[in-house]
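Have a look at this one.
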Amino acid sequence: MRQPIVCATMSEAVADIPDDITLLVPGFGPGLPFNLLTALYDQGARGLTTVSNGVGGAPAADGRKGLGEFVEAGRVKKVIAAFTAPTHPSRGSIVVDMVRGGTLEAELVPQGTLAERVRAGGAGIPAFYTPASVGTLLAEGKEHREFDGETYVMERAIFADYAFIRAWRADTAGNLVYRMAARNFNPVFAMGARHVIVEVEQPIVPAGEIPPDQVHTPGIYVERLVQIPPDGYFSSGRMPAATTEPRGSR
Amino acid sequence: MTAAQRRLTRELIAATIARRLERGWIVNLGVGMPTLVSSYVHPKQDLTFTSENGVIGYAGLADESEMDQDIVNAGVQPVTLHPGASIVHHADSFALVRRGMNDVTVLGAYEVAIDGSFANWRTSTEPFDQLGGIGGAMDLAARCKQVWIAMDHTTRDGSPRLLEHCTLPVTAPRGVTLVVTDVAVVAVRDGRFVLEEHAPGFTPQQIQAMTGARLEISRDLSEIQI
Amino acid sequence: MRQPIVCATMSEAVADIPDDITLLVPGFGPGLPFNLLTALYDQGARGLTTVSNGVGGAPAADGRKGLGEFVEAGRVKKVIAAFTAPTHPSRGSIVVDMVRGGTLEAELVPQGTLAERVRAGGAGIPAFYTPASVGTLLAEGKEHREFDGETYVMERAIFADYAFIRAWRADTAGNLVYRMAARNFNPVFAMGARHVIVEVEQPIVPAGEIPPDQVHTPGIYVERLVQIPPDGYFSSGRMPAATTEPRGSR
Amino acid sequence: MTAAQRRLTRELIAATIARRLERGWIVNLGVGMPTLVSSYVHPKQDLTFTSENGVIGYAGLADESEMDQDIVNAGVQPVTLHPGASIVHHADSFALVRRGMNDVTVLGAYEVAIDGSFANWRTSTEPFDQLGGIGGAMDLAARCKQVWIAMDHTTRDGSPRLLEHCTLPVTAPRGVTLVVTDVAVVAVRDGRFVLEEHAPGFTPQQIQAMTGARLEISRDLSEIQI
């Protein structure tokens, strides 16, 4: 069987990533590939189009880099996300400032539509219809269509150049297992990109040690695997901007 | 002599919502006040809580000793799991949302209108600039059997949030059936607001004065149980 | 948490199924819910529209009933399948005879499109586009559309009244685990029907015994669970017509 | 004196295909002769076999002692698994097919034409009556990087199966790049058939006589290694 490349370091895993790529970044609290993001930050790639749930909050004290730091450094061309602004108007946001200033492009997408657009890209489905956003500003300009008396909007697939993935376990065949809610977008994003690079928490085990029935992402999707070093970033620690402030709270 | 007025805390709003959840329902809880609800339900209610991130069957918020950073609700707050909980990925999570598996989603909002529309993702009426925080609200509102809103009855400066029409861009043009605020429980039915419960010490007239649309009074009007 | 009903017998599990339903029947070799099908055969329901990979072969010696027996008994109105006729022209088929005789309706669907149409139904997606069948007889009369210079056909979702599911393990919360290639259509079909009835091979375990990360079908999809009795049908035994005769063989 | 003619058996056709699979490829094998291929490859080829039913990473056909009825290929024949195999459901299985993850699919067919079209689901030219056996062939043919066909060179009564145009309804209007038969290996390139290998004892002229379209002769024409 085909085997992914096991890289010795995060920087090796991201070394040849060019500028101007589209990059999928999973995570919803846990499940964020902070180690790969930090290595890419150090590598210097720019002109990124990113696909993620949110775009990060305040800088982390431990030095890890999230999408927020890429945006702030002017290395992102466009963010595609379910949260492009803090839900609470009083909180500042570099994304908001840069979009208003014309130095960053944004595309706001309902979270379920975002997951489904990448799933469609990973499934060879170029477009589909969804009821989400019908009757809202987000549906304006989109193609509408009725099926069985209900109105839907058409949404296009997203297929990216790269996905960074955060797994709990992996084997040498590249099979991945996620832990609990750290799964979130990871298995979907692992299907939706040409090049899939995975950071993994547990020591990589020999092929065959993960039972075939328990694999969440088959190894054929994985191009590179790298184990998080002992001094890497292990806990989610920082919440995405999306989820720190409750809506409609006092 | 009037009874002392008592506004509901966030926790009491959550508990009030929890009491109204029907046996066996599949319930989605949004970020903020709604995520508190799972801590106020009774095991006999046989509720299944689902979260946008793919957690099916979570229980209340975890305390320090139970906390697992990989087990979180839609607000990324650590929660505990019921025996029989399961995890799916984000696309499967919204598959069940769009299929209409949720009997109700409880969300926060800035505004709710008598037609059941609500607004919770953008605080500006300027032309749309692709900025905002939608999360899963539009997917949820499109297909959950009911949308319940947990919010304060008015803005900080006293302006009503329950309105004839939303002034902010809507999250969905319909769907809200119940609003629980710090002073009232209001059903949204056939294009009308119906006051069903009031906070201690608040009269229907006082609540009407805080509301931006006509409030019918339910014949079963009662005080919110605290 | 909500719990499915655990039925004591197969006949109890299917007792109230009305006539004229749409029924999803998974299975591809293994994974066929023969026990529920046999109980439904005995129950007498008719006017069925069935969705499956194939429509069964010759009658089984052990008395189990497959879709072929339902068709033969005139209890099926329409079959939706990836194999509506044997691939080898010399072999007879009751489906072929009945369709030609006008007593049965058939809809031939590419296998991937079939799986995706039910997945769409289970995901609240009313329609999607696929490249499969473009340029063939099957695409005639279907809506075509270009995306990025490639041609696709639009396919509609299937959402059924009932699904019969065959699982390996289940807990009292209805969580299901399938074994190896017996998984096939099962998890997809379990999402795509209003009423999901499951036959399970292993003894049903208390909720909590199947780790959340290893569940293939969450219990919220399951309405009824029934354990296969010791004298039930355990092995796949019979291959579907679809897969018995190699194509283009001598 | 001519060498004795020797037609390839099903097993030799499979072995001939196996030799041409390139290192590291992801390969789908269809029902029939194609499913024999996984028994004839070399471990050094690092091939990953995928099957419509969601098995990723299977090996050769299982013998009696290895047989597990729940581990089968597209022909529902018991196979063994490589360490590192995994299982997905049918929708995910075709997700990877439509995404174009397969470097090649090997299928059986009734007919192949010079434009790369092929027919393998219906043996009648009558108006379409919804009867036929497609399986996953249309999904596979639409998106696998190459389609290879394993079939007999002629029908039982000697009529050619390699044609200018398919006479039967096609499974896909293009995609075939290679045909391996009991007498020849024929590349399909730029609307032409190119004879690359011949079975022992068969001359290009004899193979041309069994073929329904012009056969170019590769300058590297060789005998099929048996």
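So that you can tell them apart, the chains are marked A, B, C and D in the order they are listed, and the count of residues begins at 1 in each.
Note that in this section a residue touches a chain if its C-beta (ideal position, glycine included) is under 8 Å from a C-beta of that chain, and two chains touch if they have at least 3 such contacts.
Keep in mind that what you see is a predicted model, and the values were worked out from it rather than measured.
Participant: Report the chain whose mean Cα position is at the greatest distance from that of subunit A.
Facilitator: Centre of mass proxy via C-alpha means gives D as farthest from subunit A.
Participant: Pick the pair with more C-beta contacts: A-D or A-B?
Facilitator: It is A-B, judged by the count of C-beta pairs in contact.
Participant: Just give me the whole-number Å value for how far the CA centre of subunit B lies from that of subunit C.
Facilitator: 38
Participant: Just curious, how far off is subunit D from subunit B if you go by their C-alpha centres, in Å?
Facilitator: Result: the chain centres lie 57 Å from each other.
Participant: Could you please state the distance in Å, as a whole number, between where the Cα atoms of subunit A are centred and where those of subunit B are centred?
Facilitator: Here subunit A and subunit B have centroids separated by 28 Å.
Participant: Spell out, as numbers or ranges, the residues of subunit C touching 2 or more other chains.
Facilitator: In subunit C, residues 116, 119, 123-125, 130-131, 179-180, 183, 212-213, 216 touch at least two other chains, as defined above.
Participant: Which residues belonging to subunit B are in contact with no fewer than two other chains?
Facilitator: Residue numbers touching two or more other chains: 87-88, 91, 94, 97-98, 143.
Participant: For this structure, give each pair of chains that are touching.
Facilitator: A-B, A-C, A-D, B-C, C-D
Participant: Which of the residues in subunit D come into contact with subunit C in the complex?
Facilitator: Listed in rising order, the residues are 10, 30-33, 35, 51-55, 68-72, 74-76, 87-91, 93-94, 97-98, 107-110, 120-124, 128-140, 142-143, 149-152, 156, 161, 169-174, 182.
Participant: Subunit B touches which residues of subunit A in the complex?
Facilitator: Of all residues in subunit A, those touching subunit B are 28-31, 53, 82-87, 89, 95-96, 99-100, 105-113, 115-116, 118-119, 130-138, 140, 179-188, 216, 235-236, 239-240, 242-250.
Participant: Which bits of subunit C are touching subunit A when the two form their complex?
Facilitator: 116, 120, 123-131, 145, 147-148, 150, 152, 156, 177-180, 183, 212-214, 216
Participant: Tell me, which parts of subunit D touch subunit A in their complex?
Facilitator: 24-26, 46-48, 50, 56-57, 81-88, 91-92, 94-101, 143
Participant: In the complex, go through subunit C and note every residue touching subunit B.
Facilitator: It comes out as residues 1-3, 119, 121-125, 159, 171-175, 191, 206-208, 210, 212-213, 215, 218-221.
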